[in-house]
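Consider the two complexes below, in which chain A is the common component and chain B and chain C are the respective partners.
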Partner chain A sequence: MALPLPPGLTPAETGFLCETELVTVIPRQRLESLELLGGPTQPLNPPFPTPLPLWLALLLKKQRRANIQPPAWLTLSSLRTILDFETDDRTAAVFSPPPALPQPTTIPDPDLPYLSPGTVELSTPFLKDTHTTSAQEGALPYHWLELASLLLASAADDFPDADAIRILIRDLREVRMSKLRKGFKVLEGGAGLKINGVGGLEVAEVRGFVGGVVDGLRRLGRAREEMRREREEEGGDTGGVADEDGSEDEMGL
Partner chain B sequence: MYLPRGQLSQLYAHLVKTTHALSPPLIILTSLGVDALCATRILTSLLRRDYIQYHIEPVAGYSELQRAGQKFALPLTRQRGGEGGVVVCIGAGGLVDLEEVLGLDGAEGEVDMSDHGVEVWVIDARRPWNLGNVFGSSAAVQQGEDGPAVLRRQGVEQGRVMPSYRPGKGGVIVWDDGEIESELTAERDAFMALQDMPEITEEDLIVEGENSEDEVDDEEPSSSQSRKRKASTRDSDDEGSDGSDDEERPRRRRRSNPSTPIPSSPGGNPQSGQAETPSSSQPRSPGAVISSSPPRAPSARSLRRKLLKLRRKHEATLEAYYTLGTSNSEPISSMMYSLASELGREDNDMLWSAIVGISSVDLSPFARTKRRRNEAGKRVLDKSEQIREVLQDEVRRLNPVPEDEIRRSQSQYGVIQTKARSPTDTSIRLSPEPRFLLIRHWSLYDSMLHSPYLSTRLHIWSDAGRKRLHKLLAKMGVSLQEAGKGYIHMDMALKQSLRERILKFAPQYNLDHLVPGENGRRGLEGWGFVRSWGWKATLSAVDVATIASAILEVGADPHLPQATNTASHVPQQSYASRVRSLPTPPHSDTDTAGPAAAPGDPDWTSTRFYAAFDALSPTSEGLDKLLKHIPSAQHLARSILRTGSALIAKKQIRHLRSFRMGVVKDGPDTVLFSHPGALVKLAAWVSEAVAVLEAEKGRKGREGDEALVLACLDEARGVYVVVGLGGGAQGGKSVRSKAEIRAREDKKKKRAEAKAAARAARAIKRRDRKARQREREEALGLIDSDAESNHSQSESDATQSSASSSDSDGSGSDSEVNEAEVQRRKSRGYGSNKFGLAFQSVVEETGARVRIDSFEHSVVEVRREDLGGFLEGLSLRGVVG
Partner chain C sequence: MSYYSLPQIQTDAQKVPCTTLLPLPHLGHLSGNPSQTLENNTSLSLPLWLAEMLLIAPAPNTPAAITMDLPPPLQHRVVNALKANPVTLDLRAQAPHFYALGARMLELFEDEDLVEVLLETFRTRAVEIADRASGGVGGRAAGDEGGFLLGLEEEEKRLWEASREGSASVGKWLGSERVEDL
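Let's look at the complex of A and B:
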């Protein structure tokens, strides 16, 4: 592929992925159930709130056929608690926790084959209902930044106080990015970075940099490693040659 | 047909359901007015959201409307290979028979235009409606052989579109704002009865009478309803068994009577077409056959006589409706907003469009309505006030005020808003807007000086008036230097207390309603609307309407006004060249064929239209365009003040018998005022000033006194643009005469007048009863005298009622209606502009070369040489007002 894009997902692509998430809409018009690839949607019956994929919700919003209800975590109070958590000194090292995983519905059975449908439990990017009104309050889901910016861009009038939310989202983003960046230091030592609760867009954002750093470090490390290994090999084979070489050099000088 | 208010969304919903990617685009014909523009904005945003293609075509007058019909509507017809479609007329052509104007009736070709499939939706605020549009069931029904059965269309009942109506056959559908349903019942009955009736005149009877003279009328005259039923049953009973020669005669007459002059001469007079509508729609009544041997009627002759009488009566009803004069009803942008809200699709942008449209209507002098009082003496809100209240509620619903704002606003309650709450704030707010002009974009002094309300009441045209303005400012504690600054940059403390200061001192200067007070249902009566575009700007609806109409009137190029006298010739010349070919005789065909616009001239209509249309867009680009044109609006305001002051200071307003008259011949601004819209604004200013002068002298004039005719010379074309403003102007309403005593006297006089009016009304009632009696007697005698006596009666009525200080010219002619009807009519005719009719008849009398093309019938163009004769004829007519 000749696409001049860096590896990984661009922000637009992440946003596109986010558009499959379900959000709650309050319809203004009736709409029969639609047969979509991801399954049929619920019929719309004003004024009952209904979950719909975000892309459809945005389309209806643009046509003024529905209003989008912001998810529970995208409210002033919820965002404020999250921001407090993020800026607290005691929790300076960790990100705010992602929404709690649902109770496991299956019992791990070692006899079942690997990844059989019976044993699969959903985890973060695939959790249900993380962006609807029934989402968990006070926990940022995987697509929090994408969803917030999409909603603020095209459905700002559905927020009671869009500007304050915009400010909070911005604050959160900066706090978390600085945390991420602070974590980069440990990469030098080849150590891992714990990024539990990080969002999709944040991953996409740092992927290029972190990947580059790790890659560069690996390359540097490889050169050193190879040299070391060579040296080791040489050292292992002929213990005294190195000394001789050194003396030869000295002699050559 | 008409679409009742309750089913407003029916047609649109059907359109949405049936449109597909290959359907022809909707044709939107929009007149050039801010209200129509705003309505178009609302409609197009609805269409865009439903993915319906549309094409906007601005039309400035009847000739352009006709051309648009040729160009867009005809290709849609099934006869021309189209598949039908929808044409929406916004603010255009409600007063004329649209099928004829658009060429859909097939009058020109010999093609049978039945079932042409083009639906014409008419949304117009101008009244009177063309009843052919409203109640006629359209050309889709043709003079078929199968009799009146085809007349009834599926789902249409007495012209009313029922929920079972299936669109697609075509025809004119008028969108009713509630008025047709509630007020036009008499007209509807008359129209329907006429449609069922055969064409019959006195001649028929005379011819017939020679043969048989021995009939006796032995039937009691019955109510119109039963008569009508009888007439229709009679029609259906006998299928033209013997009346072959009778059938011939009316047919011939139909053909020899080319009903309306509009299709033949677009520049001709639509009013005459309108007045003739009842008869012109008559040819469509298909198998109407005069019976000579009804089953149980005593004789053909007496029946026929009765029929003729009935016919005359119905025609008189329709005639009375048409002679009420032109007036304005509910603004079209408010109609369109109702459509959007019925669809549940309204939003802030649409609401703003509606508000701007309604504000522009409030500014125009054509839409003044009477302030009525109900039985309890409490003032009943007129229609525009009701709409305003509804809009205030809508604003509150769609723009909830944040809590802290409510707390904060207690302290600065009543300060006009000049900035947004936040950079993304695009909300609409209520604000106590003073009646200053463009205050956010001008200095306080200029904005006060150019406000028509203030300048007319303070007599700004004289030195004393200016001094008075300075004194008012001084009393308010505003130094002239401070007032000369831009309002935005004025002292904060001053701005915050400005409203209280005005409220305190304005009454001393007869400026009672300069700022809205705290009365009304929620203490917000008369409050204006303000919208913010983030930090970019905050504009009031009135200012937006002013600027947009200035774009339409002054020109689309915002840089012109700076170089006033020389450069502003350019757009005017292009306008001039567009209509250069003034028809020499009235009703001439010349300018349909003649090249209306020389090649190379910019299209005057569409450039200005689109400039204004873009400026009204709710986006920030639209805002930029709007702000760019503020100088145009200021330029126009300055010119109005300058010219108006000159007219009044030089006493160039002459008082004729029934109206006042002024002519703008020279001065720097004649070029500007050769545009009708600008001239209308000037006329509004002058008439307000005159009304104020009159009221201050203590003369509470009759309404006719406020009528004003203003003419302006358009040098380039050698024509005068003439504008007539009828009575009902609000000017003197709130002006108190200088001395309190005099005011009290006035009140007394008024009471006496009211008593006199009541007495007169009683007299009318008595006379009506007598008249009815006499008629009954006359019905037994000669019928030929009927019309005459009716006529003379109406004249005496007119004189009588004019003595009772009301303009019941229209009501006089239908003397058969009962007293309640008369009262209703009186109140209905109030505030309507009769100059359209007057101009019309004067043209017929004097043969002056006049061009009546504007949708506003009281705006005409008169040849330079013919102005004298025209005005003379007008003053002699004397029934104006």
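Let's look at the complex of A and C:
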């Protein structure tokens, strides 16, 4: 039977993936280093701040064995700066810039085939290190909404001003979603839409809709594409028979 | 296209107006004269899958059995109405699978104008669906609320559901961590 799940990540799955991000924890009790699948954690010696995966940090917080330190971008001043940037009229078409990426570890080599291990560069959702907590002030990392809501839900007392931050996060979310929706007007069957700096949960929210729209546009424009291709081929080789469809998906391997 | 796809089957079942080019014996019952020959130049309404088959000439020197016109949902009147205001037109009343029908017609006829109009209609109505799904009010006439949603055709209904589901899952996830028990 066909799998009824939609393609791509659902918002709940994106939220779950966010829990692998590292956060800074201020322990209250000692804990030895744990051997996790991703590697060993650092031993916890109070009161030194230590990085731990978010799911472990939330567990310890629930058991009152640790406190979580909010990352630098999740402070009042940082969020206010970002909100000012987003609501500024001059930046109505772009999102606030994402944090700086770490240095690339591979050198692009045009002779190697596509997706060969020597040239694959990990990008935001899969970057091992956080990118989410080490993001500098004034930049929203990829999992900003998930991380912010998880921390505000479980560790609200670790924030000096949780309510104000909740309001700012909500405003940020509304502004960014409305920008995203404005971008729908220029969706094309074949072209792309530039949304640099968009967050994981935002993408998950519109994924189903945007996928459907682009697919529909593609189907309607298919006839036009074929006409154009036939005209090109007739112009290219005199009286050549038009090729079968299906060459769009082939990668030049 | 997929053999088992229900939307595809339903699209192909939609009727298109055709005109016969040859007299067809024993098929008179299609135009109301049973047990007689179907005359040349009779207008018929055939389902798309059948019309498409008959449209193709069986051999290079044998003429095709029928010729086909654009179905009523895609004729000038509707196209002009779409150019004027795509949002207010009730597409469902025209054809439940309007865009799919349009795509199939475009495979058989070449009509640049129709392509443009359909693309623009689809895009405009999709933006409208997104606005409504996110709960935006934005100055729509209060009485029109039900009208637009009832007039959505099949593909637009899927977009509407996808859009609602997206917002609902995000809301559910954001709300659920309040009561989460690790």
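Throughout what follows, the second predicted complex is superposed on the first by the 182 of 253 C-alpha atoms of A that agree within 3 Å, B and C clash if a C-alpha of one lies under 4 Å from a C-alpha of the other, contacts with A are read in each partner's own complex, and residues count from 1 in each chain.
Going forward, a contact is a pair of C-beta atoms (placed from the backbone, for glycine too) under 8 Å apart; a residue touches a chain by one contact, two chains touch by 3 or more.
Quantities reported herein were computed from a predicted structural model and do not represent experimental measurements.
Superposition of the two complexes onto chain A shows chain B and chain C fitting side by side, with no clash.
More chain A residues lie in contact with C than with the other chain of the pair chain B and chain C.
In the superposed model, A:Asp163 lies in contact with chain B only, and not with chain C.
Of the two partner chains placed by superposition, only chain C is touched by A:Ser154; chain B is not.
Legend: residue contacts after superposition of the two complexes on their common chain; A:Arg28 is shown touching chain B, with no touch to chain C. Of the two partner chains placed by superposition, chain B and chain C are both touched by A:Lys62. By the document's definition of touching, of the two partners only chain C reaches A:Arg219; chain B does not. By the touch criterion defined above, A:Ala93 lies against neither chain B nor chain C after alignment on the C-alpha atoms of chain A.
Contacts of A:Pro46 after superposition: chain B is touched, whereas chain C is not reached.
In the superposition on chain A, contact is made by A:Leu187 with chain C only, not with chain B.
With both structures placed on the common chain, the touch criterion links A:Leu76 to neither chain B nor chain C.
Taking all C-alpha atoms of chain B against all those of chain C in the superposed arrangement, the shortest distance found is 11 Å.
When the two complexes are laid over each other on chain A, chain A has residues 62 in contact with both chain B and chain C. If you check the complex, the residues on chain C that touch chain A are 99-100, 102-103, 106-107, 110, 112, 115, 118-119, 122-123, 126-127, 129-131, 133-134, 155, 158-159, 162-163, 165-167, 169-170, 172-174, 177-178, 180, 182. Put simply, chain B touches chain A in their complex at residues 49-50, 344-348, 400, 402, 422-425.
Interface residues of chain A facing chain C in the complex, by the touch rule stated above, are 6, 10-12, 15, 58-59, 62, 145, 149-150, 153-154, 177, 181, 184-185, 187, 189, 201, 204-209, 211-213, 216-217, 219-224, 227. Chain contact summary for the complex, chain A toward chain B: residues 28-29, 46, 62-65, 156-157, 160-163, 166.
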